[in-house]
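Both complexes shown next keep chain A, but they swap its partner, so chain B is in the first and chain C is in the second.
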Partner chain A sequence: MKKSLFNKDIIFWGLFVVVFGSVPFLKQSDYHLMLANSILIWGMFAVAFNMLFGVTGMLSFGQALYYGLGAYSVGLVVKNYGPSLFLPAIGLGVVLAVITSILVGLLVIRLSGVYFTVLTLAFGQLAWQITFRWYHFTGGDDGIQGIMPSGVLENHTVYYYFTFVLVILAIWFLRRVANSPMGLVLRCIRQNPERVRFLGRRVRRNQLRIYVISSFFAALAGGLMTGVTNSIHPDMFYWTTSGEVILMAVLGGIGQFFGPFIGATVIIIIQDVVGARTEYWSLIIGLIMMVMVLGMPRGLVGEIRGLKARFAPGRMSRG
Partner chain B sequence: MDISFIAMQFLSGLMMATLLFLVASGLTLIFGVGNVFNFAHGSFYMLGAYLAYQAVSVWHANFWLSVLVASVGAGIFGMLAEFLFLRRIYGRAEEGGFQILLTYSFILVIDDLVKLVWGTEYKSLPRPTGLTGTAEIFGLSIPSYNLAIIGIGLVIVVIAWLVLSRTRSGRIARAAALDREMLGSLGINVPLTMTVVFGIATAMGGFAGALAAPLRSVSPGAGIEVIIDSLIVVVIGGMGNFWGAWLGALILGEVNSFAVATFPEWASLFSYLVMVLTLIFKPEGIFASRKIRRI
Partner chain C sequence: MEPILELQNVTKSFGGLRVTSDVSLSVAQGSISAIIGPNGAGKTTIFNQITGYLKPDSGKIFFCGQDITELNTRDIVTLGMARAFQVTSFFPEETVLDNVRVACLSQKNKTRNLLKGVDDFKDATDQAHKILSSIGLEKEADRPAFELAHGDQKLLDIGIALALQPKLLLLDEPTSGMSPDERLLTRNLVKKLWKEFNLTLIFIEHDMDTVFGIAQTVRVLQMGRLLAEGSPEEIRNNPEVITAYLGEEVL
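Entry: the complex of A and B
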């Protein structure tokens, strides 16, 4: 069992490196590069989010708070102090996200289930309100445009490989966490928190840890995204951003480690194909969400795995 | 800050509290009875406002008739949503998360359907005839429509409380909150009860939306603003608690009203402040009716 899991990992990583590594050679325009870059960043965001929802069972509706924090740190630093500070600004965003997530986390993990979701949503919306109203500092509704990284990162291909390496490191790290003893404790927390406490493990501390880790990568995603779109906007803090990352995780499959990455890929491609033609984007994602929740709760990856297990030779009797 | 200013703000806060209570009590009713968290409750409020607009502006109906149309319409939509979709995920593993996701998809779909039907521009309704002026109370002139809302709200609170605590249907609803299986074996149609409760709650949301339409203009996306406010209300009051929702609405309404008058720009942040303070000192809500599983 362990060996086959290992093999599946190798296949995924191999495919991942070959497909995303070859994009700069196969692209027909910079637009394709931007699309692939968005998939990488959102994929990382979704996998990190799923450490909270799929693994630990904490449905946060406020990860946009950290995504926006990462993006606005970069945007405001670059706007006020020049593009040479692009990389330190990403670091600043991540540090701010860790501090904020510890403070907010201590409040929100006091409650569980629906309450947790609602509180994370409220804190996210609070951040959005502040960004939206604090016009002379954040630029309000206009956002900030023309945020460029400096030096070698100015080159789109270099920037692409830069994020590519960071995303690989991030996903490798999250995979390690998921398979570590802590990951096991997190899974137990989802299923039966009381028992975890009986076993002498601290539920709240582990919940806080994973909340901070997940927020760290959300901020990293926000910071990296500014280098792709070159602009920031208060909508990055808005609840729909949190909703989008949730949809990616659910579409791919919350029970699968790599599921959310697949979900992010599918959503960004659909957004690219359909979003350009219709203004009723939220109707489409609403219908996707409805179909997934009602018909395919295990997500695309989970359902395909289920089908494979069902039709695997010698297992027909189980069907 | 003289006494008449305080009285004015207090009354305006009371009016806000009444509207908040009408929405939040529906939310808390579904949660208390059905253990369903309806994230899309604000969307039914919005639907109510748009239906009232449709009835007044397009069908030229009387205002109060339009409020009735809006409540019934939102209730029917709510029952359909429960019957067609929500019912399918009851009892599923990790139901809570999926409820939120499913009702979240309702928000997205209703938002865009509203855009399809009524467009994206802001809509507003005139106040009903006879309530356009102001009333004089103790030398203060107060918009009579605001007073009417406060009065209607009080009547609804009393009726809802009487129905829940004194009638057979109210007892069935409260029993469903405690033990659905036992209720079923006593010969009560539990699925029907759930659908009806959902319909009543969403109708209350639509009712509040229709009443609020002459005061605030309606636009798509109003649903999410309303749901966050009513969530703060139920967090303050304790979820699933009728009187808690009332107290929560009163606190939030008054805080909002005084904040708008003193710090207009940052008023919306005060609601969150109240919520954060509640969480720090009494995370289960002021009126917690049952012990929340704190983990």
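Entry: the complex of A and C
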């Protein structure tokens, strides 16, 4: 058991490092670098989101709140105080996200199931409205353009490797959490919260912890993304952003730790390939999601592993 | 000796229905006792109040001399009380080992750790294996719990409770849904665990062979009231209990 888990991780990490590490050498244009960078950042966002959804069973429809918070922290600081504060601004974003997620979390975690989901959505939409209306501070609908990191990070390849390393650290950390006693308790909370109380554990306290951790990485993703797109806009707070990260997780497989990263990769590539040919790319995403939910409910990674288990010798005797 | 658990005039109503009516009882440390009674007598409701899952409307509950009436489940469990459920309650997707191990980790207060792997906690893992051998599920350690047969799931539920190293263990119908053979095995197992882990044990049960086979004291509930309390012999011959619950044919 232990060994096979180890092997699966090695496969992911090996592929991950080889594929994403070699993009700057293989790219035909800076556009490819930007695409790979987006995949890295969204992949991290999706894996962190899935710690909340797939692992703990909390479907937040409001992670855009923290993604936007991370992005706007960087955008506003760079616009008002200059690009030299790009990195501290990313730090500011995650700190704000931690504080906000504790406050919002204390309110929303009192509710469970669909009520939790709706309330997270409401908070996200509230943040979007504020950003949208507060024109002279946030730039309103126009957002802010021309956000650049300073120094060596100005170089696209350097920035790419910078995010590459951060994403590795983030996913490695989240993997540790998933395998830790706390990760086990979180999975147990999803399956049987009542019994967790009878183990002498506080369910809501643990839910709040993972909500804060997940939001931390959502804000980190938002902050890092500003260095890729060089702009921010209120849509980063919009529910479609929350929806997109959910789609990625579901597509890749919420029961698999690395599934959401694969989901992010597939969705971003589809958006890119289909988006170049037709403006109706969201229709294609919708169709794919329908097929996935109806035909492959365990997600890409989950179904592939299911197939492997089915044909693997030795497993049959287990029945 | 001071009783480990004491209920004083505990009363609880759901709407107009009195589910627990002025129940007072005292459970001796290290004893094994049964609660019996017809369906709807309020047996599980008593367990729910003892474990803080429901609050009594009036009355007091003491555990190890401490008033626990107003405490929540989590705090009561931390004081050394554990429970297995009538409808088996466990973590279906986790392995059998992890079901028990999460309880071991919780008991050792290690569940806040988020950077060490579960496997790194050798003592919790060893202890979980020990409990699995005690309840006879060692062979199933690596299987997901949902794959177990019903009887084994009941045992796993007990194993999870045992892993908390409780002073007082409450079992809600440990043999329900089992075949006669399984019931016999479980009866012997419960008695063995009681001795092996130095427990005070209270169980709710409908299977009279189990009740009269292993309980030192039997308490009979009827419509929320404590109808009788005594040794198995006394209860078996109590005319009130016979008309209310046991019926003539049992004897």
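Rule of thumb we're sticking to: the second predicted complex is superposed on the first by the 313 of 319 C-alpha atoms of A that agree within 3 Å, B and C clash if a C-alpha of one lies under 4 Å from a C-alpha of the other, contacts with A are read in each partner's own complex, and residues count from 1 in each chain.
FYI, a residue touches a chain if its C-beta (ideal position, glycine included) is under 8 Å from a C-beta of that chain, and two chains touch if they have at least 3 such contacts.
The structure presented is a predicted model; accordingly, all values stated were derived computationally and were not measured.
Report the partner of chain A that touches more of its residues: chain B or chain C.
Higher number of touched chain A residues: B.
So, A:280: does it touch chain B (first), chain C (second), both, or neither?
first
Contact-wise, after the overlay, does A:53 reach chain B, chain C, both or neither (first, second, both, neither)?
So A:53 only meets chain B here.
Regarding the shared-chain residue A:243, is it in contact with chain B (first), chain C (second), both, or neither?
Once the two structures are laid over each other on A, A:243 reaches chain B alone.
Figure out whether A:115 sits in contact with chain B (first) or chain C (second), or with both, or with neither.
Only chain B is touched by A:115; chain C is not.
Once the shared chain is lined up, is A:130 touching chain B (first), chain C (second), both, or neither of them?
first
Indicate the residue numbers of chain A shared between its chain B interface and its chain C interface, in ascending order.
Looking at chain A, the two contact sets intersect at 194.
What residues on chain C touch chain A, complex-wise?
Contact set of chain C toward chain A: 51, 73-74, 77-78, 82-83, 85, 89-95, 98, 101-103, 105-107, 110-119, 121, 142-143, 160-161, 164.
Can you tell me which positions in chain A touch chain B when the two form their complex?
53, 57, 59, 61, 107-108, 110-115, 117-119, 121-123, 125-126, 129-130, 133, 189-190, 193-194, 203-204, 207, 239, 243, 246, 250, 279-280, 282-283, 285-287, 289-290, 292-294, 297
Would you mind writing out the residues of chain B in touch with chain A in their complex?
By the definition above, chain B touches chain A via 31, 37, 85, 88-89, 92, 94, 96-102, 104-109, 111-113, 115-116, 224, 228, 231-232, 235, 239, 265-266, 268-269, 272, 275-276, 279-280, 283-284, 292-295.
Considering only the defined contacts, which chain A positions touch chain C in the complex?
1-2, 173, 176-177, 179-185, 187-188, 191-192, 194-195, 197-202, 206, 318
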